[in-house]
Amino acid sequence: MSEPDRLITPEQVRHVARLARLALDDDEVGRMALQLSAILEHVDAVRRLDTNDVPPTAHPFPVENVLRADTEVPCLERESVLSQAPAVESDRFRVPRIMGEAP
Amino acid sequence: MTASPAFEFASLAEIASSVRSGQLSARAFLAQSLGAIRELEGDLHCFNEITTDKAMADADEVDRMVRSGLDPGPLAGVPVALKDNLCTAGIPTTCSSKILEGWLPPYDATVVSRLRAAGAVLVGKTNLDEFAMGSSTENSAFGPTRNPWDTGRVPGGSSGGSAAAVAAGIVPLSFGSDTGGSIRQPAALCGIVGVKPTYGVVSRYGLIAFASSLDQIGPFATTVADAALGLEVVAGHDPMDSTSLARPAPSLLASLTEGVSGLRIGLVEDFLVDGSECVDAVVAAGEALAAAGAKVDMVTIPELLLGLPAYYVIAPAEASSNLSRYDGVRYGLRVDGPDTETMNARTRGEGFGPEVKRRIMMGTYALSAGYYDAYYGQAQKARTLVIRAFEAAYRNFDVLLTPTTPSVAFPFGSKVDDPIEMYMCDLCSIPSSLAGHPAASVPFALSSEGLPVGVQVLAPALGEAVMMRVAASLEAGASREARGPVRP
Amino acid sequence: MTDYETVVGLEVHCELATATKLFCGCRNAFGDEPNTNICPVCLGLPGSLPVINKRAVELALRIGAALNCTPQRSIFHRKNYFYPDMPKDYQISQYDEPINVDGWLELPDGSRVGIERAHMEEDTGKTTHIGGGGRIHEAGYSLVDYNRAGVPLVEIVSRPDIRSGAQARAYVDELRSILVATGSSDGRMEEGSLRVDANVSVRPVGATALGTRCEVKNLNSLRSLERAIDYEVRRQIEVVESGGRVAQETRHFDEGDNSTHSMRSKEEANDYRYFPEPDLTPLVPVAELLAAAGEGVGPMPAARRRRLAELLAADSELATRRDGSTDQVVTVVELGLDDLVHGAVAAGADARLALARASNEAAANPEGARLLDPVAFANLLKMESAGRLSATQSKEVLAELIKKGGDPAQIASRLGYEQMDASVLASMLDEVIAANPQEWERYREGDEKVAQFLLGQVMKASKGRANGKLVAEAFAARRDT
């Protein structure tokens, strides 16, 4: 059984890994390229489907307008949340330096 | 006729009735459960966390209520195990992942609250494939769970721990989650009943998300009646879940023993092609139902074969987004870095196992610029085709039968290195997940190697009642030895 | 030398004035202790699920209607990106099926700016950068507060119809008054409940294609908005004139030197991987929602200005006169005093006088003025128009009236301002003239000093209630006939 064609290259893998914030070492990148290529080949049937006039289904059932009243509900005790945090300072979650502004 | 093993629990109804009447105590049933854990857990590794102290306190509370003349509820004193992707306040909930190791949710999932309110006693959190991604429970970061029928084999997945706990007689009732077959397949591999309800029938609030448009919570039990009761207790509208259907819990027990006379049952040919014992079981099941008065026919629904590829685009896509929150900022594992982005990447790189990473990558790719229409967009359309195909079939049939999964329990390590091979386990279970339809696995036969074989009953949306009716009939027609509990 | 046209589009985010957040029941409040308004949902804890706040939908529809948009069936999408202030590392927003589309905003000067869309989304938490002067790139670390995470926002995106910094300012100002008038938002830029980003480009006058645009952020006041645009336009023109090309980038406005600086952002554009939010259902603007959206909402500022202007236009001379009445109209509507003016005019007051008094004197105490009885106001204005009160006296009575209410005539009387009836005044003049014929003769011949005497006689006879100026005028009128 021959190696599946590289439907996804290591370069693309690195790009996707950056989008997904996943640190992959070189071995992992190589393996991932092969495995994802195999998966992509496997799901190719979907890509090739003739779906003119077929609407997408986002939800199994067409329910609409599920809403709730604008009424206050008791929230969480701050301590129960901060106690689970990896790093806290001044009652806030502490994170290392952020590079770049928020989009 | 094989006698029930001595270690088997009484039925849920009997347990609840004896506890409510004061005849037996919740503590007594809990002791049975904890004793089984002491004996078997070392071999099987069903649990990530055993909540002994809390369980004793809960059992005591149930017994105290009974003594005070209060009614603890329809599951009074029933020991219950929950898949470790269901949030339990103050009890570690890890999804069998290093990234959530030790995390204590500050709230209970709705299903958990309802079980408590019904008097159930939580015994522990069960092992799963990490973040519910897998079909063998080999993807757990904390080691696999073993199948009580043969400890060299997998219990199935992703709800392997919950299935094994019931199959080994540790608890009479457990809950898992099913996205593409994660309740039904382990139920089949472990010789017990597993039910995935209609999408929206059971609240997902507090179920740690894998694929939001597919995930559902459902029960494992040794009998159809017990599974039905378990489902009734947790089902019904929840305002905390926008996708929860605005309906009360379905009524299943009443019609369970009505039999199948006159029902139209379709055997889906497209899944009966490989000549395996799993296929043979379905054919035999069809014959049993026909003998019981049903009208049984073959039916071909080729569009259902689109299910697998469509699922392996949609599920990873939604998962890649659902798992973004595990970034080392607010809870869970953090691996430090000089800046936040590096910290995120290192945390996720170390915290997630290979299958989870694969799916996140697949999902991110499928959603990324330039690929959305070709993959995710197309997959959502394929989903429509599957739904339409089912609709057409259900004009002529009340329920459909397929194998639950193409194989019986397989040895450890035999599929885990080949993702595609593993994904094929979900072939028969995925279509109903995509359609949002209910489906149940019923233990029906033993393979030539003595391993359980399950048959899957599929019904249209909100068809739980007719589905469980057929399941009950199958159960009645199956040999006692084909189902658990068993001891390894 | 080429002339350049400024092309600006604005993206305005406004926080909705709901009691709770968009997807959960946590309090929507500014300034609380950090991380005290959080729950599993807005914190994005594993297993949590969003449920849409009905009031937020109503307010979003209300804003859309005020901006003349068409409401439509809409869905939510996930906008996926990583940032510490994002609890789920995706934002639930709207993408290609937003709740409001295709509207416009009319500015006080009559010009219109197109509105592309006004959609719903959730707000993020707030990050504080520590170390290195508080700016991100020099910061040692950051602290995050999620109180604001999940607060409902409406993002209003204008078409690139704005042609100057001043017009941009007027746009945001008008938008703010609409938001406040409809009760949809506080509209406070300084509190962050109104945030503005500008997309700025230039092109040669006459060109139809759009130039490369830059996004400008960190605009914390109307003044900053105007200055940033002016600077950015100058900068871009300079670049183009010197043969360069404007780089498409995001720039940060520096309040210190009123300039914009390029942000050290990554080369690759964000790939948000939008897909429909599977945890939420579509929104359909059914009658019940639209009715609730429109409930208790009066006409928009533009319509109110038009209605006021029509009052003045009835006097054709005024319509052509450049007398600052346009500014008065804007002020009166801004202060919510137009109903007062309409009421006063309906009760017989002069329109121009009512407008002037409302925009100047009443403006000193707008809250009180809004409670003023229009009929009482009209009565006061009629007294002034009839000459029974001078302008100064009228303003004093008005101040009293606003502060304490009451009847203008009684107030005037109490203050000693009550004017005499013209015929009563005339008869008093008759009496004084008759009693002082020699003085009258001397006055008629031009003796100004004796005018004071005659005036004093009338004031004495009227016990001080006569209006000195009017008495002097009455004497002069008599002398001249």
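Residue numbering begins at 1 within each chain, and the chains themselves are lettered A, B and C in the order written.
To be clear about the criterion, a contact is a pair of C-beta atoms (placed from the backbone, for glycine too) under 8 Å apart; a residue touches a chain by one contact, two chains touch by 3 or more.
As the structure is a computational prediction, the values presented were derived from the model and not from experiment.
Farthest chain from chain A, going by mean C-alpha coordinates, please.
Result for max centroid distance from chain A is chain C.
Two chains share more C-beta contact pairs than any other pair here; which two are they?
Answer by contact count: the chains A-B.
If you average the CA atoms of chain A and of chain C, how far apart do the two points sit, in angstrom?
42
Mind checking the centre-to-centre distance between chain B and chain C? Centres are C-alpha means, answer in whole Å.
Distance between chain centres, rounded to whole Å: 58 Å.
How many angstrom between the C-alpha centroids of chain B and chain A?
24
Mind pulling the residue numbers of chain C that touch at least two other chains?
Residue numbers touching two or more other chains: 40, 43, 51-52, 82, 84, 142, 144, 271, 273, 278, 280-281.
Listing for chain B: what residues touch at least two other chains?
If we look for residues of chain B contacting two or more partner chains, we find 103, 106-107, 213, 239, 242-243, 324, 327, 329-331, 340-341, 344, 364, 368.
Which positions in chain A are in touch with at least two other chains?
Residues 19, 21, 58-59, 63, 66, 68, 76, 81, 93, 95-99 of chain A touch two or more partner chains.
Once bound in the complex, which stretches of chain B touch chain A?
Listed in rising order, the residues are 103-104, 106-107, 199-200, 213, 239, 242-243, 245-246, 306, 309-310, 312-313, 320, 324, 327-334, 336-346, 348-350, 352, 357-358, 360-362, 364-365, 368, 374-375, 377-385, 387, 419-420, 423, 435-437, 461.
Which residues, counting only chain A, touch chain C once they are in their complex?
Residues 19, 21, 58-59, 63-73, 75-76, 78, 81-82, 89-103 of chain A touch chain C in their complex.
Can you tell me which positions in chain A touch chain B when the two form their complex?
8, 12-13, 16-24, 28, 32, 35-36, 38-40, 42-47, 49, 51, 54-61, 63, 66, 68, 76-77, 80-81, 84-87, 93, 95-99
Can you tell me which positions in chain C touch chain A when the two form their complex?
18-20, 24-27, 33-40, 43, 51-57, 75, 81-85, 124, 127-129, 136-137, 139-146, 217, 250, 252, 263-266, 270-273, 276, 278, 280-284, 286, 289
Show which residues of chain B lie in contact with chain C when the two form their complex.
It comes out as residues 86-87, 93, 95, 100, 103, 105-107, 109, 204-209, 212-213, 239-243, 317-318, 321, 324-325, 327, 329-331, 340-341, 344, 364, 367-369, 372, 376.
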